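Chain nomenclature is as follows: A, B and C, assigned in order of appearance, with residue numbering initiated at 1 for each chain independently.
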Amino acid sequence: MLMKRLAAAAAIAVLGVGVAACGGTDPATPGPSTASFKAGSTMEKLNKAQKITIGTKFDQPGFGLKGLDGKPAGFDVEIGKLIAKELGIPADKIEWVETKSAVREEVIEKGTVDLVVATYTINDARKQRIAFAGPYYVAGQHIMVRSDDSSITGPDSFKEGTKKVCSVQGSTPATNIKKYLKDEATQLVLFGGYAECVDALKNKTVDAVTTDNVILLGFVASSNGAYKLAGNKFTDEPYGIGVKKDDTDFRNFINDLLEKIAKDGSYAKAWNDTAGKFDKNTPTAPAVNRY
Amino acid sequence: MNVLWEQFPVFRDGFLLTFQLSFLSAIGALLVGTLVAVLRISPVPPLRWLGTSYVNLFRNIPLTAVFVFVVVGLPLLGSSADFLKIPGLDQIFTRLGIDLPYFRFSIIALSLYTAAFVCEALRSGINAVPSGQAEAARSIGLTFTQNLRFIVLPQAWRAAIVPLGSVIIAMIKNSAIAGFMGLYGDLSSRGQELVSAGVNGVTYPLIPVFIAISLGFLIMTVPLGLLLDRIEKNRMVKAR
Amino acid sequence: MSRETSVLYDAPGPRAKRRTIILSVVIGLAAVALLYQFVYKPLDAKGQFSMVKWGPLIDPDNEYFDGVWDRLWVGAKATMQAAALAIVFSALVGLVLGVIRILLRAVSTRRYATLPPAVAYGLRGLTWVLNALTRVCVEFFRGIPVVITIFFAWQLLGGTFLPVVVGLVIYNGIVIAEIVRSGMEGVAKGQREAAESLGLSSLQTTRLILLPQAIRTMLPALISQIVVVLKDTALGGIIVAGYEELIATSRQVSQLLPQLAFDQELYNPLQFFTIVCLMFLVVNYALSKLAQYLERRLSTKADAKPVKVTSAAGTGV
């Protein structure tokens, strides 16, 4: 506590004497001053308030997982921090709000959060309600099974109607898998979190868990060989950053930033610190889509 | 309001599943509850303790926790509640026979939890039977079991109908939790799906869905409640 | 031991006593054996008693112990805060609603003979409409699950605490209103008549005569309602994202531990829920006992019959 206060006092003192050119890698360092933002824009508003509210997942290993200290950590969180930094807002001024899959559009529309970075797949239905910056990563839906099970080779294995699959309530993977099922009522289980699905897989209540590959890789890696991925990924899930539908300035601002961090290495660093623990192949940042 | 018509099959199926779940859980709760009530008033101390601890345990912990214990615990005990695949019954209630056990798990969780309250309702019914009845039965030489079976329980059941009905109404409402604990396709999970995740990418406005889901529950709870009011009033008139 | 059991069987004689003891021992041993065979053994085989799973909860030296209990403490506070707010506001709402319903009923028999017919009919119509409206609202929100009320309150209002408290208050306020109503109706009829003969208005009768007596007799039922509210905060936990009470915290942290340790063996929902249920059990059991104690004490006073907890129509379920 005392240390934190001293550090804060020191930071204020440093700022007070106007040492502006301190290290760019420190996320707590304020970025550009108010002057550089367009008058009346979201960026200016946020920068003036020196506060930003970001929605992310609290239960996605590698992307956004709330730790024992109550703060989320992961690739999405790092992207959020980079955006805040570009807005001149230090990392400790970010308020993190849990946005489960089912509520993401609503919290953006209502303005409960300023933006959402939450393994948020860009699609047309969602574009009707909100706007996406990005993509900043392309995930793909995959299927995880018990290692000794060779009967499931891909989503088509569910078409017979005997295999049971688990996913998370209100998520894109849950919606995607439905078209491969013969009967939703007898084949689909939806829980609040993936660990509950993995537990159901372990005790053979279900035969498979489906969601985006990185999350599954995390479970595979920490299971002592109990699980494996079946077949190939069968969708492309471009993750975007959700903002209000008409806020084109803010969207462009984030897109510019994404292009910048792809070049200056902070993208790769964010990956290696977080999701890189599950998936050692650092992805190349996809081209942003300025629709 | 047109979500009601557009998605009518969704609501209908949701309602049917919730109804099945409530119906079967009510039977389960009545069976287990009666057993616990008998245990609670048994002359053998360990049985009595068992009954009393059962009631105290389940009355004081949240139903969500009971659900977790059943959903996580039963598979650990090596069971997927296959004993509920009762031949014949699974023809009527098709979800019973299906391999996916969350319907059966939900029935078990709801029955176990509600049984504690059924037991208390029955006990209040037993309390309402004039003690002279039991004493008279004893004086003509009936044993404890005979006394219960022929004299006390039949009267107690009648006296307990109203409190029991209230317990069942509460249980119907509690069944909504199942939709958040792994059961797919009941009223509450359907409502949540329509409002937030959407069906085929289309989400529906809140208020109409809220009304439709509420109607699904009210269809079950309100007539039952009115019936109970009626019974209670009739009885009060008779008692006068 | 309560009255009803003793009338069911004779006081045991020496032989019956001996038989009971033998039977008790046999049943006790059988129960232990069954528990061992069908619960302990399979759970032990799945490693459910290992320190890997229990350590974070019960071993202070475990690296996750402090963090886990920090989170559980935050969760306990969230449970208690929402429950406290909900019970206070439910009591207020219940009091007002109960009094309104009693008054509406008293007023609805009035004919307003001294007023011009048009005004009299208008007033009678108004009380009828108000009566019907409160009745419909009460039946509606009493007939639907609290989970659904909380879910839609959350969708409409947003936030974390607010929808949980609002959802709980809507339901429990109505329940308490019924308790208030039956409490006031339980006050001896002569009291109301005496008050009216003194020339008190119906509002004055309610406020000065009925309510004070009713509140005293309602106390046990109100305390049992706290148990219900405490348990129902868990419904907020499974629905409202970001409202992390004890149950939601247990779910979340038990999912988190295997991620932090990078080992699925640490997934321990059963252990978390055992601990959290013990917490609920201790608090709620104490509250139930308190309610019973008050009920007994009040029922010894002949004139003030307490509202029976069970008569509040299965609200404890």
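Heads up, the rule we're going with is that a residue touches a chain if its C-beta (ideal position, glycine included) is under 8 Å from a C-beta of that chain, and two chains touch if they have at least 3 such contacts.
Remember, predicted model here, so these are calculated numbers, not experimental data.
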Arrangement of touching chains [line / ring / star / complete / other]: complete
Top-ranked pair of chains - ranking by C-beta pairs in contact: B-C
Mean-CA-position distance for subunit C and subunit B (Å): 17
Rounded Å distance, subunit A centre to subunit C centre (Cα mean): 39
Touching two or more other chains - residues of subunit A: 103, 106, 192, 196, 199
Contacts with two or more other chains, residues of subunit B listed in rising order: 72, 76, 180-181, 192, 196
Of all residues in subunit C, the ones touching two or more other chains: 155, 238, 251, 269
Residue ranges of subunit C in contact with subunit B within the complex: 3-5, 7-10, 12, 20, 23-24, 27-28, 31, 38-39, 42-43, 46, 48, 139-140, 142-148, 151-152, 155-156, 227, 231-235, 237-239, 247, 251, 269-270, 273, 276-277, 280-281, 284-285, 288, 310-311, 313-317
Interface residues, subunit B side, partner subunit A - complex: 13, 17, 72, 75-76, 80, 95, 98-102, 180-182, 184-185, 189, 192-193, 196-198, 201-203
List of subunit C residues in touch with subunit A within their complex: 64, 67-68, 70-71, 74, 155, 158, 238, 241-242, 251-256, 258-265, 267, 269
Footprint of subunit C on subunit A - complex, ascending: 58-59, 61, 65-70, 97-100, 103, 106-107, 110, 112, 192-196, 198-199, 202, 218-219, 221-224, 226, 277
Subunit B contact footprint on subunit A (complex, rising order): 101-103, 105-106, 123-125, 162, 164, 169-171, 174-175, 184-192, 196, 199-200, 203-206
